[in-house]
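In the two assemblies presented below, chain A is common to both, partnered first by chain B and then by chain C.
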Partner chain A sequence: MNDRKPAVLETLVTAKDVALGVVNCAGQTLSIMPGQVVGLLGKNGAGKTTLLDGLLGYTFLNAGEVTVFGHNPTELPADVCSQIGFVAQQDDLLPWLTGSEMLAATRLFYPNWNHQLVDRLLDRWSVPVWQNISEMSVGERQKLALVAAMAHEPKLLVLDEPAASLDPLARRALIGELIDIVADGERSILLSSHIFSDIERVASDVWLLEKGRITYQGGLDELKESVVRLHLTRPLQVNGSLELTTKQVIRTEVNTGRETWIIRGWNEALAAECAAQITSPYQVEALGLEDAFVEISQ
Partner chain B sequence: MSLAYQIFATWRDPAVKAQRDWLFLQFWGRTSNQRMWWFLGFMMLLCFLWLLPNEHSKMFYMPLCFLSYFHATNAVEVIAALKKWRLRSVQLQNVMVQALLLYWLVWSLLGLMIGYRMENATLLVLLSLVQLNVLLMSYSVPQALDNKALNLLNAPMLQGQGIWAVLIPTFALIFFPQHEALISNILLAATFSLLLALTWQLRRFGRARQLENIKHAERHTNEVPQQSKHPLRLRLRLEMNMGGALDNKGLRKILVSLLLVPYAFILMYQHLLPASFATGQWGAGAFFAILTPGFLGLFNGRQQWSGAWLVRSHSRAQLWWQDELLFLGALFITAVLNCALLLLLQIDSAGNVLNAALLFVFGAASLRYLIFSVPWMSMWSLTADGRTTQEGSLTSFFCLGFLWYWLTVIWGSGVQSNISVMIIAFGLVAPILAYVSLRKALKIDLGAIRRVKRS
Partner chain C sequence: MFILNPALPTPIYRQIQDQVRRLIAGGQLLPGTALPSVRELAEIHAVNPMTISKAYSLLEAEGLLARQRGKPMIVAEHPPPHILASLQLHTILRDTITAARQLGLSDAELIAALHAELNQDQDHE
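Let's turn to the complex of A and B:
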């Protein structure tokens, strides 16, 4: 018992067999450990926001079990809530308050509040805090929501498309802040975004959500390395069978004198098999995260 | 070249015409929906005017003036939306005056129709007074309509003050009919004064002197961060529970919906309706009936639940309890205060006032919890399970309309035993529905509320 307890406490979020809305992760377990930055990737309508709603107790699960800091997310104690920061795609700010009133109001509910961080972010992002929130632009509201969610230095920061409405400067500043946040190795971030360059810069792990199921959960680099384009010259000359490699081919493109295999699950064994069997010229192209995502999603 | 010559010389200019037509259209509503509703509103009122006998015409003083006032504020918003004074120019002045002339022409025709039907020149003058007053505001202090919370001339305050231009003359005409001639002459003089003031303001349109106002306003805007004070925890909680600001505008909204509208209605009804209508069972009952929709509409904190989750309260039961505590507290206080006022003003007998107050308390609570218990009904486009549906509003409207009908039939019968049974029925149903609505709220989808929220 004593051996198991620290392991449970260490995991910030655990989700088993989650099913709600379009999300159906039966037989799958998701977890976020301290210091981890998880990028949640998926096409529009894949269920990213729904999954985040389920993980944070906004929506009840149809099936499965989620624990956040060891608690059911729909019944979180106040001290656990104060360790979570959440920025939704559609912000939840109170439109009748000014920006500074909103921050002051949010501060009332948190024992810990980093004034220096707030001042720095407001200054850096030029948030017009004197303006009524209803009069702010979408980007300004997004920045204010980010400041409000980060100011209490939560152990778990959940961001749903945080950079969608930000200008490039503010986006870079946000990524810089996120990198600073996780630098101590104790705080974690779950980040859903369509901007793959941001995910590549900050995420250590990736959850790939396709049609409601997690099809990849693991390191970002491993994902990038596992998806390659194998460019072959036609006619293809092989010594023996390419059994291992062909099993992993998810798509092929055939052009005059050239053939391309998109392989998911590329590893050393496959590389060795190709080197041993293929005698005609060929080339292995490693992909960036965006290209890998596009190839997987097609 | 005189202003009048410029205006008529450029009347046929295609560029000016296009701008004029656009502005003219905007005066009648910023969207096609708004324009349609205004049109329907006017048509409905005209139909009533045609159908009712002339001796009841005084009933229409207030609705006509309000309609005129709110329509004119729409024109004010259009003028104010022209980026304060910065984009104003002499060229734009011509377009603006032309559009206003057209607008004025249509209003005059409408006024003439109403005046002809009601054989009442006072009303015509009253309508002009309201229009002129509001338009003068738009020319004198348009920046005040754009910059909020700067000084006494801010927009909500200005509109709030402007509404007295509607209330004072109409109340004077209603309550002092013996001085109608004098009041009409005062109104006529005021109308001419306003017309002169408006002409003077038109000539100042776009003049550089007004740019100083902008600099002044912007300096104030920069000072706001230092001035802004942290809201009190209690005030914030109340605002979140109510789903709106408790600033001057919010407090005015509460006062208007809880006091002004029902009392204005009941006073008008007592003074204007023929005795045969005004006697009988309706006094306190009509008052609380008028009060109920406005009161229910004040408490829409549920729309803020998604924002409160993880921040303010950490369980759905807590969110529900905090909202309902405020609702029930406000319900009780409103009922007691209005009971005392109704008795003080001797609007109805003590028995009727008590019956109506009890019916209001249990009825309003039942209505709220009914809507929050049944998934196919909705309030503020929000159903019991947190989803939005347009059909919900329609079905709620029909079901509640039906309920309302039976309620008025029983109340109107004046049979005390039936009324008592109705009150007891609502009293029994309210806690049961409250429990059901709590059970629903415990499973509410906060994510859905957040996704559809329009702040």
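Let's turn to the complex of A and C:
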């Protein structure tokens, strides 16, 4: 008999019907599984930071229910807290401490502090830990906050715009570290970012937040493959009907001689329909994440 | 060994899939050749390891790659012949389309020419 438990993937975070400030996800359920890297995307003011605060229990919800490692995030036991790492958009470092003092103080809260990792990161990012935090640049403070959040090797790492103040080299180094974290498939990361190329590298999944509601939750690849621009020449010549395709059109642009349909929900069935029915010249333009985001958010 | 650009509309897993297919069809990746590990590629290209695993698994399902226990993925010893044939045909067709465009032929003219050639071929049989 095999007495080992089957490897059941336990959901790290579940959020149902969350309402908080501008966020209103009534009827929606969000979840994060081990190994996932979820990119939270949304325009300014869409409610990204508010949602993160709600998920981590920094603010009480107006409605809905969140569980983090099976607990209500506003009353997490200490052993669960030590599984979570968080870097806020505005760091909450104490300005009168030096970097080293700050890390020493943070370490007291975490039994599993990885000194080697800390030394490696501080060295890689050239953080002047001997300086007072008040004398550090915004980028240096952000790096220090990241080191403090990653040092205890949390199972869930939540980063709110982690790369906003980092130069490209430091950003790439951060991505390398994030990849290292998820390589074993057990730890997860939730990050919001405006830097789409970073999200495209590191995310497995995307949450799209629009005016407080989630309009997409799913794989990054699936999102990129499902939004296309269909460029048609006018006059459009069609054999039969384009029933499937026209249902998925979210916007059209008409110019002289040509028109463009923005399609959300592109798949092989639609491609086959277009190939079979459209007899005038046309082209399908696949979109990168940033273009897809712009088209969906218009 | 791969050229990956996350900002392209083509998802990264597809970029890997396409390049492996092309390298195998073109004979640059020979049967039995070991591929870099998922972790190695993820670190070199700074992309999510799940994306690389996804590409490898799809290529395995196609029969182009083979998984060995505890060792790196290798190029399958006997890739399905119809897959190789369709990959090579794909390359030929791409070249033909490029050539036709350079000659200023319309798509309809290219298709008509292909039809004409196919018909002639049938006459010979």
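As a convention for this text, the second predicted complex is superposed on the first by the 289 of 298 C-alpha atoms of A that agree within 3 Å, B and C clash if a C-alpha of one lies under 4 Å from a C-alpha of the other, contacts with A are read in each partner's own complex, and residues count from 1 in each chain.
Throughout what follows, a residue touches a chain if its C-beta (ideal position, glycine included) is under 8 Å from a C-beta of that chain, and two chains touch if they have at least 3 such contacts.
Note that this is a predicted model, so its numbers are computed, not measured.
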Chain B versus chain C as contact partner of A:D221, first or second or both or neither: second
Chain B versus chain C as contact partner of A:S197, first or second or both or neither: second
Touching partner for A:Q277 - first (chain B), second (chain C), both, neither: neither
Chain B versus chain C as contact partner of A:T14, first or second or both or neither: neither
Contacts of A:T29 with chain B and chain C, given as first, second, both or neither: neither
Touched partner set for A:G288, first chain B, second chain C, both or neither: second
Partner chain in contact with A:I133 - chain B first, chain C second, else both or neither: first
Which superposed partner A:W96 touches (first chain B, second chain C, both, neither): first
Broader residue contact with chain A after superposition on the shared chain, chain B or chain C: B
Footprint overlap on chain A, comparing chain B with chain C: none
Footprint of chain A on chain C - complex, ascending: 6-14, 39, 42-43, 46-51, 54, 107
Chain C partner contacts - residues on chain A that touch it in the complex: 35, 37, 172, 175-176, 179-180, 182-183, 185, 196-197, 200-204, 220-221, 224-225, 281, 285-291
In the complex, chain A residues that touch chain B: 49-50, 53, 56-60, 74-78, 80-81, 84, 86, 88, 90-98, 100-101, 104-109, 129-130, 132-134
Chain A-touching residues of chain B, taken from the complex the two chains share: 148, 221-222, 224-225, 228, 230-231, 233, 236, 239-240, 244-245, 247, 250, 304, 306-307, 309-312, 314-316, 443, 445-448, 450-451, 453, 455
